[in-house]
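Each of the next two complexes has chain A plus one more chain, namely chain B in the first and chain C in the second.
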Partner chain A sequence: MSSVIINEVRPGFYLDSVALMRYSKSIAGLDGVEEAAMMMASPSNRQIMFDAGLLNDVSAGAEGGDLIIGIRACDANTAEAARAEANLILDQPTTSGQGETWRPKSIRAAVKASPDANLALISVAGDFAAAEARKSLRRGLHVMMFSDNVSIADELSLKQEARELGLLVMGPDCGTAIINGTPLAFANVVPKGGIGVIGASGTGTQEITCLIAQGGGGISQALGVGGRDLKDEIGGITTLMALDALDADPDTRHIVLISKPPAKAVADKVVARIGASKKTFTVCFIGATDWDLPANARFASSLKTASEHALGGKALFANFNANAIAKPASAAKVCGLFSGGTLCAEVQTLFINAGLTVMSNAAIPGVDALSENSTAHTIIDLGSDEYTQGRPHPMIDPSVRDQALATAMADPSVGIVLVDVVIGYGAHEDPAGHLVASLGASLSGSTLVIASVTGTDGDPQGRLSQISKLETAGILVAPSNADAAELALACLKLAG
Partner chain B sequence: MELIEKANQEALSRMLAADPVLIDVIPASEAIPNLKSHMILHAGPPVAWENMCGPMQGAIAGIAKFEGWADSLEDAFEKAAAGAFDFHPNHHFDAVGPMTGMTTISQPLMVVENRKFGNKAYCALNEGLGKVMRFGGNDDSVLERLAWLRDDFGPAFGKALRSGDGIPLKHLVARGLTMGDEMHQRNVACSGLILRELAPALARTSTDNEELAKILAFIGGNDQFFLNVAMAMGKAIMDPVRGIEGSSVVTAMCRNGTDFGIRVSGTGDQWFTAPVEMPEGLYFPGYTEADANPDMGDSTIVETIGLGGFAMGAAPAVAGFVGAGAASDAGNFTRTMSEITTGENPEWTIPAMDYLGVPTGIDIRMVLDTGLAPTINTGIAHKEPGVGQVGAGVVRAPMKCFEQALIAFAESVGVK
Partner chain C sequence: MDNNKTADLISKPLNVVNIGLEGFANELKQQDVSTIHVDWSPPAGGDPKIADLLSKLGT
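And then the complex of A and B:
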């Protein structure tokens, strides 16, 4: 039986890509639908849909401003039903008397409607993000760029212009921020407090802010800078401005800086700026083992250690004893499948520090690139480009992990599957429930599954309820990502 | 950038400073001395006979017969095809006309003077609803009505206007907006208001009570009577905005049933055209989209000054009539249009939107930046000659007009 592809073009119909990704998933989840997507017909999106086997001649003439509905299903009736459902979702007809709320479509109109606004969150396709950011800056707005695929030249010129104007450009590719207690994009509900966070990494910021919350601390501000800010080309413009801002902020007592190891020249500037402050700092360059820092700063090699430093040296989860709950692994290999890039890096750090041989698609220094037939432990970042081309990020759509999970669970050389579960705003509504359902019967096999939940009880999904779902299903749950890595190490040790 | 902002502020200030007054009704030959025999002015940008849509050709046949330049409609078609008539846009002669927009020498034209700038603009009288020339109607009933307008109604209307100082329109429109008109699809309030202004003068200058009653009944029975007044007003407001160096404000939008054309202040009198789009709307019983002619008429001059689709919030009834929108969404049309305009009109306000001023001064840069084309409220003509109106709805100005305009505009300000 061959499958049926249908396309529909909705000319000039625009929806935000995050909304479209969510809708696409619900259509793709209908019975008999093999794959489905609703996307604006930009060249890159078209390529994605083409690659996904979702395009036919109907959409050949669609242009950037048009929306393509592409459905591949087991038969024509199923495909048509899915198309009807897709259109229903897109149109969301209002009932009589229920007027639609007007939403501004341009930065100019948005500023007019909310003259007090001082920050723009930009989540348009990368090709247009720089232009929107520039408009926002010229209207006096700080900018958080969730968008990625922005050129480094645009990033530099935006950040230079912003610096002239005294405005902050967070990003591009900035996934997480908490400004004056408001979580933006992927972020968690944490108490207000005296710890400021500056992060070049979204999930790193999420893990640290959540661990600080669990340790009784609170967050003054969490500022994202974008993954490239500490490269030579950008020179840490936003990081340095964020340091100035938090240094001057009376509500911030201690500052945590999270990043991959920066370029040397940039690191020197940042370290010098830290040294000039009267406040205390924790510096976590994930992947580095140590760093030469001034007296008011301490280095932390893991997110958990960084959180403990920020909490004034308080040990987190002192009651957690990995050895007490560890079970012997049935085979020698660990397969880590992560939705958070920095969580993936943290596990790599802890594994190589423990003397293990590790390979990854997002290898930190000391870790090998992926290769077939290797006996090294495999730690995968499922949020990196090769997995998310044409698909939502695994934090939005955990099904991205399903196939890899099934493969790992069926691999006799894998004794432990190690995963993260990230909750909060922007994340899937029930990632733990999805994980349990996806693992299904494989959970009763001999492979151990170890997880941690990044989030708080204030989050819409609720950390405790997510943990309870995992534990009920027989998954070993550690209180932090670092503890999950320790637990995996303990299980390996028990197996000898 | 600064030059453009300044030029656009100048454009906006000229629009807001306008003082349009309806002062007279006179024969077209008098109003437009360059208008000669066998010349036919039509709506929209320039178009050749062979490219004209059905209703446009039908109206031309009708008006040629009306003027005595053809013995019959068939004769008129043949003569038109043989090049017996000169076709020009109304806009090239200080005039505008709804739908097909026929203007010829013997027709009575309303005169609106912009007293701030001293310019005048002209528009024919509204014929009423049903089978009418503006929708391509051309049978005897249509021509008889035109003759009455020419011989009786027009002269009486002109005489009444000349007996006073004219009817100032700015405040009349402001009141109409508070009464549910948007001045394109809905002119009930303003038609009533102008009748109220006009009635005493008509009574004073009339010598025949029966004829007076007929005139009053004609205005009173035509909910769209004011549309043509609003159009002449729009033209009178926009003409002084033409040719401001560096201004990206639209000075005219119009359609001939084949093409949509716009003019931009900074690029002078150049037309930027693209094929017209199909309105989306409701149809009279017995008609469907299949019968509809694409968008047509100079009436988009009212959107150009911030009324019609831009003032939808003032006329929720219209929003319910067009497309799929709920009446309660009317304000959203207006708010959306404010994303593409330079400013708002502080005197033309919408009470239900907390006295928001109508969005004024369409900026082609913002149209392209937001991807929001102007929303136009319009009537829909049958695509065949001689049938008339079949519905009404909403249509968007084609983006391609604005794309071309922006390229030419960029060149005009030295950006290659």
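And then the complex of A and C:
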């Protein structure tokens, strides 16, 4: 019997993407339902649903402000029952608004009600994010744009306008910030201290702030700038403003800058600004091997080394000995499956520095693009667009990694599976528990699983509790992402 | 930069207007951060081009 597709459009009905993805998953899990999605009807979402076989036609008669329900089921009765259930879920009152009698419908109304507001945190769909950021700036708010899929032209125009107004635009695609000790979006609970971080990378900032915390240091501020700020087109507008602010901040003694290798002309401006400061700096351009820096700055090629520099040269996890806990890998290939893009890049760096041949969907310089017949070690960023289009980020929903994990664990050429577990605000409530459940019986096989946990004990999930779950299941846990890479290298070496 | 107001942001209590994922507002409220969540829906009937134009016109 062929499948039945049912569509329903709910005009002008809005829910945020994380809520919709959670509801979609629950409908897709009903008996007899092959696939289901509830999405706002933007052209890109309609295409995703059409490609997934969830729309009878790509327009579905919907406008961008409408919500579409798409259900594919084994028969008409099952599909109708699922549609009824979907509508029931959509119509349930949200519990999160408890105690609130009024909610502003606009930024203007929000600022009127809260005149001391100083930051807009924007996570609407990318198509609308620039407009909301512009409105926020014109109301005098600094902006953190979590939203991605914002054009570089919009980014430039927003940052230019913000600079004129003296306001900071963190982002777009800014996942992490810590302001005055408050973690924003995907960030961790770390002590306050004298180290400021400026990050073009979310998970890079998370790993560094957490490693600094574990090394006994503290964070004054962690300001995100967005992954494209140091490109020629943007010219480092936010990075330079953040540098000015942290340079002038009496609570910041040392500044860490983390990014992919920047454009040369932008790097020159940033390096000149660093050289004009009386403070000390650590510069971590993940993927670069070295950088010409002024005397008050040191280059670090990994997140761990950057954290050690920031801690004044203190060696982190000196008691960790990868060789002592390494086990021989059963096969020659490492498969890295990462939720954090910069954690993925850090492992690539460490592997190529060790002389290994590596391929990745998010290749740093010196690493090959993915190729089916290659025997190179495979290091995947599961947070990149091809895995997350129409799906939540794996840090929110770790099941994005499940299929790739199962495939790697069943592949006889893979001896080691290397993963990250990122916790903190914004992240899944129990990623370690999910990972262990997903691996299931495959953990008793010959493939080694090596992990590290990016987070702190102050985080809602608790770092030690997450580590304990992994270790109890037989997963080898290293104290940092870089140490996890070293442990994988030690396991390869033992296997000869 | 003379008019860089970032110093104000990092020296004064954080006070957030959240537009988008409600979970972010809830997590900030759990941390006792003053937060107001905007009951947002796609403006201009969900047409991004018109929404962009309206924001430039200051509406």
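The working rule: the second predicted complex is superposed on the first by the 449 of 496 C-alpha atoms of A that agree within 3 Å, B and C clash if a C-alpha of one lies under 4 Å from a C-alpha of the other, contacts with A are read in each partner's own complex, and residues count from 1 in each chain.
Simple rule for what comes next: a residue touches a chain if its C-beta (ideal position, glycine included) is under 8 Å from a C-beta of that chain, and two chains touch if they have at least 3 such contacts.
As the structure is a computational prediction, the values presented were derived from the model and not from experiment.
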Considering only the touch criterion stated at the top, classify A:142 as touching first (chain B), second (chain C), both, or neither.
second
Now for A:65: first (chain B), second (chain C), both, or neither, which partner does it touch?
both
May I ask you to decide whether A:50 touches chain B, chain C, both, or neither, giving the answer as first, second, both or neither?
neither
By the touch definition at the top of the document, which applies to A:104: first (chain B), second (chain C), both, or neither?
both
Chain A contact check, chain B vs chain C, more residues touched by chain C
Taking the superposition as given, does A:125 touch the first partner, chain B, the second, chain C, both, or neither?
second
With the two structures laid over each other on chain A, which partner does A:185 touch: chain B (first), chain C (second), both, or neither?
second
Applying the touch criterion given at the start, work out whether A:242 contacts chain B, chain C, both or neither, answering first, second, both or neither.
second
Across the two complexes, what residues of chain A are contacted by chain B and by chain C?
12, 14, 65, 94, 96-97, 100, 104-106, 109
Using the touch definition from the top, list the residues of chain C that touch chain A in their complex.
1, 3-28, 31, 33-34, 36-48, 51-52, 54-56, 58
Partner chain B, residues of chain A touching it in the complex
12, 14, 65, 93-94, 96-100, 102, 104-106, 108-109, 112
Give the list of chain A residues in touch with chain C in this complex.
12, 14, 16-19, 40-42, 63-66, 94, 96-97, 100, 103-107, 109-111, 113-114, 116-125, 127-128, 130-132, 134-136, 138, 141-142, 146-147, 154, 163, 165-168, 179-180, 182-185, 220-221, 223, 241-242, 244-246, 248-249, 425-426
Sites on chain B touched by chain A in the complex
324, 326, 328-329, 331-332, 335-336, 338-339, 366, 369-372
